[in-house]
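I have placed the structure first, in the form of C-alpha cells, so that the comments after it can refer back to it.
Chain naming follows the written order as A, B and C, and within any one chain the residues start at number 1.
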Amino acid sequence: MKLELLDQLRQTNPVVLNISNFVTVQDVANGINAIGASPIMSEEIAETDEMVAISSAVALNLGAFSKPQVAHILKMGQSANANHKPLVIDPVAVGAISYRKQVATDLMKQFQVDVIRGNAGEIAALADVEWQAKGIDAGSGDQDLVEIAKAAAVKQQCVVILSGETDVITDGQKVARVHNGTPLFQLHVGSGDMLSSIVAAFCAVSDGDYFEAAQTACLVFAATGELVANQLKEERPGTFAAQLMDELHLVSVADIEKIAQFD
Amino acid sequence: MKLELLDQLRQTNPVVLNISNFVTVQDVANGINAIGASPIMSEEIAETDEMVAISSAVALNLGAFSKPQVAHILKMGQSANANHKPLVIDPVAVGAISYRKQVATDLMKQFQVDVIRGNAGEIAALADVEWQAKGIDAGSGDQDLVEIAKAAAVKQQCVVILSGETDVITDGQKVARVHNGTPLFQLHVGSGDMLSSIVAAFCAVSDGDYFEAAQTACLVFAATGELVANQLKEERPGTFAAQLMDELHLVSVADIEKIAQFD
Amino acid sequence: MKLELLDQLRQTNPVVLNISNFVTVQDVANGINAIGASPIMSEEIAETDEMVAISSAVALNLGAFSKPQVAHILKMGQSANANHKPLVIDPVAVGAISYRKQVATDLMKQFQVDVIRGNAGEIAALADVEWQAKGIDAGSGDQDLVEIAKAAAVKQQCVVILSGETDVITDGQKVARVHNGTPLFQLHVGSGDMLSSIVAAFCAVSDGDYFEAAQTACLVFAATGELVANQLKEERPGTFAAQLMDELHLVSVADIEKIAQFD
C-alpha cells in the first residue's frame, strides 16, 4: 500500500480522460476534481487522439453503451494503448445483461486493459463464472470472491478490483484486500463509477505499478467513505454524496492511516 | 391508500428500468435507490428485451427525446406490454412544444401505458384541453384539474397522475387527491421525473392495482418532501435535494401517516 | 453594474433554452431555476424553432460536442439570431483541443454570438493568442487577461467574459472587472457552465444591453459563491455545490451590494 501516491496525485494533478456513464457523469467529474486530479470528458470520437495525448490516464465506463459510444470506447482504448496511457475499464452490468457481456468481451480483445473495476457479478461474468446479478447490484453467490477476481485477472491479463464490502485487488497472483467502507456507497448511484476514475488517477502517478495504484485508490476511497459515514447518525445517502466530495478533497494520508484496514 | 406497499417495495427491492431524461438521470437513479428499489438505465435499443426481462416495472421519460431515443422508447414500451410489465410514462414538455405532443401521441398509440404522470400543462395536452404551458413548468389555466385528469385517463385508458400543489390521481372514474407536498419540489429540477420512476416502483409491487400504486407513490413522495421542507428554515433548493434522498431512504409508513392529507 | 436586473429576472422568470454540456446539465438546469429563471433543455434538432420561440434567451454549451449536437448547436444559434433572442456561447475546452477550436470557430462564422463566456485558455484560443490550457482548467500564461478578452471581443464582435479569480467583462472597448468569488468554484465542475446560462438569463431582461447583463450576472454569481464560501470553515466542494443552489435562490440585491467588489 503506497498512500504517498495520494500526495503525489495532488501535487501533479494528472488529467484523467473519461468516457463516462451518462447516469453518473457529473459525480465522476466532481470526484476526480475533489481528490486532486483534473477530469476531462468526451462524447465525440473525432477528438479521441487529441484528448488521449493531453491525458495521463484513461477511464472507460461501459455504462455508456450506445453503439456510437462503443465505437468511441474502442478507439479510445486503442489510442490509450498506442500512447502508453494507463487504461481502466468499468464493465457496468455485464453480469446482468448478456448483450453487455458480449460487447465488453469483444472490446477487451481489441485493446489491453490495465485495470478492471467491477462488482462481484460483473467480475464473475468477465471470468466466465456463474453468478447471479440483479440490475446494477452485485447479486449474490457462493463462489469465493478472491478466486473470481484472480480468474478474471488471469483471463484478462490485468489487475482486477472486485468491489464490495471488502474490496479484492489482484494481478492474478498477488492479492490485497481493503476492509474499509460503508454500506452508504451502495445507496449512492455512481460510487463505483467514481472509484473507477479515481483508480485511473492513481495509475497516472504510479510509475506503472497498477497493482499498487489500484489497492491504494481503493483504500483511499473506501476509508474516505467510512470517515464520512462515521460522522452521520443515520443512513443519509444524499448528505453522504455531498460530504463524500468534501472529504475526498480534505482527507489526508494521516486521516486514512488512522482507520486503514487491509491485508 | 395502501401505505403498506412501501414496506413491500423495500422487502422485494424491485428492479425499475428507465429510459431517463438526460437532465435528471442521476437524481432519478438515486431516488429509486433511496426509496428501496433498484434502478437500471439504458441508452441502447439492442439490450431492450433483456433489460425488460430482468425488470419489474418500466418508466419512460419523454424528456429523452432525440430520434434514437424515441425509437428506443417505442421498443421498450412494446416490450413492456409484451412482457406484462407495468409501464409508466412521463410526457415532459408536451404542453409547451407541439412537436413533443405529436411524437408522444404517436407513441401512445403503439403501446398501452398503465400510468401517465405529468403536470397540468402536460396532462391537458394529452387530453386535448387548452392550457397555457411555459417551459417545463405547469403553466396556469382555468380548467378544473380533476376534469382534465379524468379526460386524459379516459382518452389514454390508463391511470393519470396530474402533479401539482395537489396531486390528482384518477383512472377516469375514481379520483384520489394528495394534498401533501412543498413548493421546493418545483425549485428542484427532476422532482417530477423522480416521482414518475417511484410510481413505477410502486406499480411493481401493486399486484396490478395501478390506481392504488399511483396514489400511494404520490402520498409517499409528497409527504417525504413535506417532512424535509418542515425541517428547513428557508427555501433551500440545494439542501432540499440532498435531504430528499436522505428522507426517501429513512421515511417510515408511520412518519407518513402522521402528516398524510388525502381524499 | 445594474443589480436591479436580478429583481427583474425574478419578476419576469424568463425561459432560458440550453444545449447543455452532458456533464453538468442537471446542475445548470437547477442553477437557472434557483436564480429565478426557467430552464428548458433540448437534445433534438427537430424541436429547435419551437423551443427558441418560447424562450427569452439561448445558451449553447460547446461541451456538448458530438456531431449531432454540433448540428443542433448550429441550427439553434441561427434560429436565435433569426428570432432576435440573445445568444450566449460557452466554448468548453477550445483552448485544450484544437478540434474543438476549429469546430467552434466554424460555428461562430455561421451565427452571431452576443456573449462568450470562458476561462483564460478558452478565450485566448478564440482570440488566437498563445496560451497553455490543460484539461478543462484555465491553464496559465503571461498575457494580460484584459487584452486577451478585448482581442476576443473585437474578433468575435460580441461581449466577452473571461472568468477566473477576477472576471473580466468587455465589449472590446469598455471593460468591467468583478473581484468577488471563491476558489471553490474551481472545485465544482459545472460552475462555469452554470454561469454561462445565468448570463443568458440576465441578457433576457437586459433590454439589449448585454455588456451590462454580462457584468451583472458575473457579480451576482461570484458574490453568491463568496457568500456561501464565507459560511464554510473548510473547503467543502460538495457542501458548496448544494448551498450554492440555496443561496442563488435566497440572495438579495442588498446581500450582494454589501460585498460587491468591481471596477
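What we mean here is this: contacts are C-beta pairs under 8 Å (C-beta built on N, C-alpha and C of every residue); 3 or more make two chains touch, one makes a residue touch a chain.
Not measured: the values here are computed from a predicted model.
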**Message:** Treating chain A as absent and keeping all other coordinates fixed, how do the remaining chains group by touch?
**Reply:** one piece
**Message:** To test your reading of the model: what rotation angle superimposes chain B on chain C by C-alpha positions, in degrees to the nearest 5?
**Reply:** 120
**Message:** Same residues or different residues where chain A meets chain C? The copies count as same if more than half of the interface numbers are shared.
**Reply:** different
**Request:** List the centre-to-centre spacing of chain A and chain C in whole Å, with centres computed as mean CA coordinates.
**Result:** 32
**Prompt:** Taking each residue of chain C in turn, which ones touch at least two of the other chains?
**Reply:** 22, 25-26, 241-242
**Item:** Partner chain C, residues of chain A touching it in the complex
**Value:** 15, 20, 22, 25-26, 29-30, 33-34, 38-44, 46-47, 50-51, 54, 68, 241-246, 249-250
**Prompt:** For chain B, which residues are in contact with chain C within the complex?
**Reply:** 22-27, 63-67, 69, 93, 96-100, 134-137, 187-190, 234-239, 241-242
